[in-house]
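Both complexes shown next keep chain A, but they swap its partner, so chain B is in the first and chain C is in the second.
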Partner chain A sequence: MNTLTALQSVPYILPEIILAVGICVVFLVDLFIKGENKETVGITAFAFFLAAFVSLTVSSNPPAFLFSGMLVSDSLNTYFKYIFLTSGAIATLISMSTFTSRKINSGEYYALILTATLGTLLMSGSSNLLTIAMSIEIVSIVSYVLAGYNKENMESSEASLKYVLYGAMSSGIMLYGASILYGLTGKLNLHEIYIFLANNSVSTYALTFSVLMILGGIGYKIAFAPFHFWCPDVYQGSPTPVAAFFSVAPKAAGFSLLLRFISLTFTNDVTLANWIPALEEIGLREIFIVVSVLTMTIGNLSALSQTNVKRLLAYSSIAHAGYMLMGISALSLRGAEAIVFYLTTYLFMNFGAFFVVDYISKKVKSEEIYAFKGLKTRAPFLAFTMTVFLASLTGLPPMAGFVGKFYLFSALADAKLYLLAVLGLLNSVVSLFYYWRIARAMYLEDALTGEKVEFELGSGLLASVLAGFTILLGIYFNPLSVWIQNSMTIYFG
Partner chain B sequence: MELAIFIVLAVLAISSAVVVITQKSPVYSVLALVSTFFALAGIYVLLNAYFLAMIQIAVYAGAIMVLFLFVVMLLNLKEQYYVENPKKIIGGVLGLAFVFALLFPIFEIEKNLVPESQMPVGDAYNIGIRLFTDYVFPFEIASIILLIATVGAIVFTKKHS
Partner chain C sequence: MYHWELNFITFFPIVGALIILLPFIAKEHAKWIALFTTIPPFFVAIMMYLNYDIALAGINDANSMQYVINFPWIEKFNIHYSMGIDGLSYPLIFLTTLLCPICVLAAWKIDKMPKGFFSLFLLLDTGMAGTFAATDFFLFFVFWEVMLLPMYFLIGIWGGPRKEYAAIKFFLYTLFGSVFMLLVMAAFYIKTGTFDFFELMAKSKEGVFGTFEVGGFQFWAYLGLFIGFAIKVPMFPFHTWLPDAHVEAPTSISVILAGVLLKMGTYGILRIIYPILPEATQYFATTVAVFGAINILYGACCAMAQKDLKKMVAYSSVSHMGYVLLGMSVLSVNNPAGMTGAVMQMFNHGTITAMLFLLVGVIYDRAHHREIEGFGGLASHVPVYAGFTTFAFFAALGLPGLSGFISEALIFVGSWSTYPTITLWSVFGILLGAAYLLWTMQRVFMGKLNTEMKHFKDIVEISGREKLTLIPIGIIVLALGIYPKPMLDLINASVGRLLEVVNPAVAEQVSQVIK
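Moving on to the complex of A and B:
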């Protein structure tokens, strides 16, 4: 096993260090710029995301456990870091186009986005119960502040308060579960816990309970049922760029943590084919089957009756978490690959949908579906990109979402979970109804006013890049899927 | 003897914790929380964690609780009245069931605990060594959490002109 000391580990966490430096620099830049020069802070933050991204591409470190086993660095972790840095950068760009006043466009805001991204990077690298708890805590605390950032807005404050209450509760539950797991095994490091569980028998009841409670803490970040209640209120109340960020980065981080936790604790097999008996005893597969069915069904059925587009997208993001959880219940390498692929496509399509909603609601001053009526004449280009994102979220070919779903369902078929696959397909059909409602409002219904929605070049560019990726990954997905297959070597020491 | 002390401390901790959430006056709640923290500090001493016990009293029972009291008095909070809500009973029953479900795993843990003879002494020296070698990374993460929590508090309290 390659376990490095603190000093040896430093080159491995270069992106994290760059982000941490970025947090401080953004504060300083904010101090020194004067007047209404609102873009400077955002550009600085974006530059640091870019620098972290570049440092990730140029570094080539062999897989290892870092900081005496606190973190793990392997190709899966690296892949996830790309996802987080990209979503942080996109969130920064959306924020710069949305927040027009210098007051909101402040150093604190971008420092919070940088910190949240740093937290997600740490979440995906955690291999120790202590680091898991602390990295989740970073992301949570930042999220509370970001959710309530729009202080003048009552809904935003409500979102923040609800988030704090749920977050505190789920952190408590998770820590209690972790303490039971520590009590059972005497280890904090996930790999050492695996070694203990493989060689000793522990009480199944206590183990089930502790794993369930830890899953509760992770599940709160992913927003799977029954830990999803905060999600619609928080997404609706938060500033839209923040909601877009919440729906992608912490969710992806939760999934990477989930993959890491399950694989490190219950196996040391790189092909994820052999699991220790404890996994069967606590019925982890069954737990995930139930949770995924619950999550996607609740998400989709609740989305049907929504009239607020942000709330609708919040329920849709719950449903998508449910789809990805199906991949977890396959408990196979192909399931894990499918999740990672799905997350990548989800990054582009969900950010895109939130971005268009943000843009339109800012111009039209409404987040209801009727604000989208007749958008084909009022803003033809944005209506087209929105249709691309919605089709992809539904999973229609030739969009990226279709390929993601295809991988998921084929992983399920591989694991012989046919009933689950059928339920997932039925859920996709249900989701067609509510995504179609937005598309119908845009194309088939008459606009309330004939006034054109003002078109901004930067926003148009961002929307077309996101839509471009959504289409491209639906047609030419082979390089990405090869990349993901090569990234799926989890390091077990 | 140790068991007797533990039981006294545990009962004190739990009963004052119950007082915290049942008292209608916030000041009494805060004072009860102080006594919970003292009882916890006693339990830390029983676990050989002397340094942690000291910190618990100095930081939590001392500094933080004084701040709490300050805030409560500054805001001049009146007695809080609860809205009666039938959902509360369901919540209470579920919560109690959860507590009992939580109690069982604890009895399973006992056999794997570290034997007392091998239990290290939690003094400042040992904690310092561990904190700056094996646990240096979580220690640094904690600094980021504190920084961002401070920033968050300022964001929420800052007045826009």
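Moving on to the complex of A and C:
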């Protein structure tokens, strides 16, 4: 086992260090910026995301356990770091383009985004029960503040409070589960827990109990049923760029943690095949099947009746978490690959959809679906990109979302979970109905006013980059597939 | 040798769509660009016919496909960008390239966002041509689904009063069917590691999918694919999207919908289900025949009951697609008439129903309504229009000398020996067809001229542009009715091969007898 000491580990966490420096620098820059020059702070934050991204591409470290086994660095972790940094950077860009007042567009805000991203980076690298709890808390506490960032808005405060309550509860449950696991095994490091469980017999009941509780804590970050209740209220109340960030980065971090937790603690095998004897009879697969069916069905059926677009997208993101959980139910390398691919496509399409919603709702001062009426004439380009995102979220070729679905369903066919696949497919047909209510408002109905929505070059550029990736990854996804395939190595020591 | 033809037919329209979308292109020029990007593929299709080798069968043999394009696309999944044609797909590609410029002409008067209309139309054209040309399941599926989006918007934006409802209904039905296709495609890939039609057929023959049993893999794979295709056909009881979509869609889109899109369902069944799942095909053949007969009779009865001219034509499509289902359920190597008739009927129905919808569009443009009872005695008022309509109606009811007769006769000749009872019932469809068409004609054209009818002054004789849309199709209908040999030659080899693939045991016996 290649376990590094604190000093040796430093080169491995360069992106984290850059983000941490960025947090301080953003505060300082904010102090020295005068007047209404609101762009500078955001640009500084973006620069640090970019620097962290570059540091990730240039470094090539062999996989290892860092800080005496608190963190792990491997290619899966590296791939997820790209996802988190990209989502942090996109969230920064969206905020810069749509936050109008200097009061919101301040140093604290970008520092919080940087911190939340730092937390997700740590989450995906955690290999110790303590670092898992700590990194989840970093993301959560920052998220509570971000959710309530619209200080004048009552809904935003409500969102923040709800988030705190749910978050505190599920953190408590998770810590309780972790403490039971520690009590059973006497170890905190996931890999050591595996070794202990593989060689000793423990009470299956206690083990099941603790595993389910830990999954509950992760489930709250992913927002899977029945831990999803906070999601719609928080997304609706938060500032939209924050909601977009919540819907992607913490969710991806939750999935990466889930994958690592399952594979490192119970299988010691990247294909998720060789289970420790104590867990074989728990029926973890059945649990995930039930959870994924519940999550996607609740998400999709609740989204059907929404009139607020942000709330609709919140439920849609619950549904997408459900689709990805199907990949976990497959309990196979193919399933894990499918999740990682899906998350990558989801990053672009979901950010895109949220961005257009944010832009339009700021301009027309409404988040209701009817505000999108006649967008074909009022903002033709954004309406077009929104259609691309909606088609991708529905899973229609040639958009990236389709390839994600294809990945998932081939993983399910591989695991012979045909019934689950059929339920997932029916769910994606249901999703067409609510996504297409937005498209219908944009294209099939006439505008309430003929007034054009002001077009800004920067925002148009951001929307077209996101839409470009959504289409590109649908038409030619071979390089990404190969990259993901090569990234699916989990370090077991 | 590098073949460019199928690429050209498939992607040239998209080039036109992109040009139309350029900001400096004026609205008035959109239709001209659309016309000039749909005509060249038609000539390329004719050129392909001239160099087409009718002796090559295709179907399950990659080497006897023609105009093949094949290069790797997504290596990780062994997905290829591969295209090619045989006797099964060529007639439908020809049909697509023929109908597209005609539909552009039929949509000439569109003045609501013409740039949007024609660019979506050209995107639809790409999807259709690609579906018929693809020989890789993944590519096929992508093209199949690419058509949904433009179709939704074409019906939803440019449609009639209930356009939103019709558009989403079409979308939901088709997506519902295609998600099952996606699952079966994924399962095929997991079991064989390929998407290539020919490799899938070979692997299936090797027994990768196991032996057929009720409730087994092949059984469910058949049902999954069949539902997807049957919705598109549309087979009873999945047909309910069709009347809504047709009635609300603008004329040219109805033409595409009935002329080309419905054929994709039967084409998919013949191209994918039959050769890949032959045993399941045998097992379900009688069921398909029964549903074919239901389609014929139910569609005809519904058509008879309609008050709306377009809805009547829409239900006549349901009825006529029933003939295709009946014909292709005759799986006998020694009796290829049914299958030949079915493949021919796909083409013939495409041309005849296109005429019918174009003619409905002509009268609707003038009268702004389609109530059959709202007309009367038009024959004396617009004789040329009446002449065209009579021709199209006679073609639709299967008058000898016109193309519809040949294919319907072949289908009945084929099905008689295999399914005598079903055929006996289906023949009533011909009678019902004659009844509703002649009755409609009587109410619209015969009798005393109804000068009280709405917008009477606007009802003027058919224009030159409209004649231009009808005459090419009319010539084909007449020519194939009198001399169907070119068409039969074109499809014979492929139909024979298809039947051999579906009946591996019988085909073996036959070849031994010949030896």
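Just so it is clear, the second predicted complex is superposed on the first by the 491 of 493 C-alpha atoms of A that agree within 3 Å, B and C clash if a C-alpha of one lies under 4 Å from a C-alpha of the other, contacts with A are read in each partner's own complex, and residues count from 1 in each chain.
FYI, a contact is a pair of C-beta atoms (placed from the backbone, for glycine too) under 8 Å apart; a residue touches a chain by one contact, two chains touch by 3 or more.
Note that the structure is a prediction, hence the values are computed from the model and not measured.
When both complexes are overlaid on chain A, the residue A:71 reaches chain B alone and has no touch with chain C. By the touch criterion stated above, A:112 is placed in contact with chain B alone, chain C being left untouched. Legend: residue contacts after superposition of the two complexes on their common chain; A:300 is shown touching neither chain B nor chain C.
Of the two partner chains, chain C is the only one that A:482 touches; chain B does not reach it.
In the superposition on chain A, A:444 makes contact with chain C only, while chain B stays out of contact range.
Those residues of chain A lying in contact with chain B across their complex are 5-6, 9, 20, 23, 66-68, 70-71, 103, 108, 111-112, 115, 118, 122, 130-131, 134-135, 137-138, 141-142, 144-145, 148-149, 151, 176, 180, 183-186, 202-203, 205-206, 209-210. Listing the residues of chain B that touch chain A in their complex gives 101-102, 104-106, 108-109, 112-114, 133-138, 141-142, 144-145, 147-149, 151-152, 154-156, 160. Every residue of chain A that touches chain C in the complex is listed here, in rising order: 376, 387, 391, 394, 396-398, 402, 405-406, 409-410, 412-414, 418, 421-422, 425-426, 428-429, 432-433, 436, 439-440, 443-445, 476-478, 481-482, 485. Across the complex, chain C meets chain A through its residues 73-77, 113, 116, 141-142, 145-146, 148-149, 152-153, 156-157, 163-164, 167-168, 171-172, 175-176, 179-180, 182-183, 186-187, 189-190, 220.
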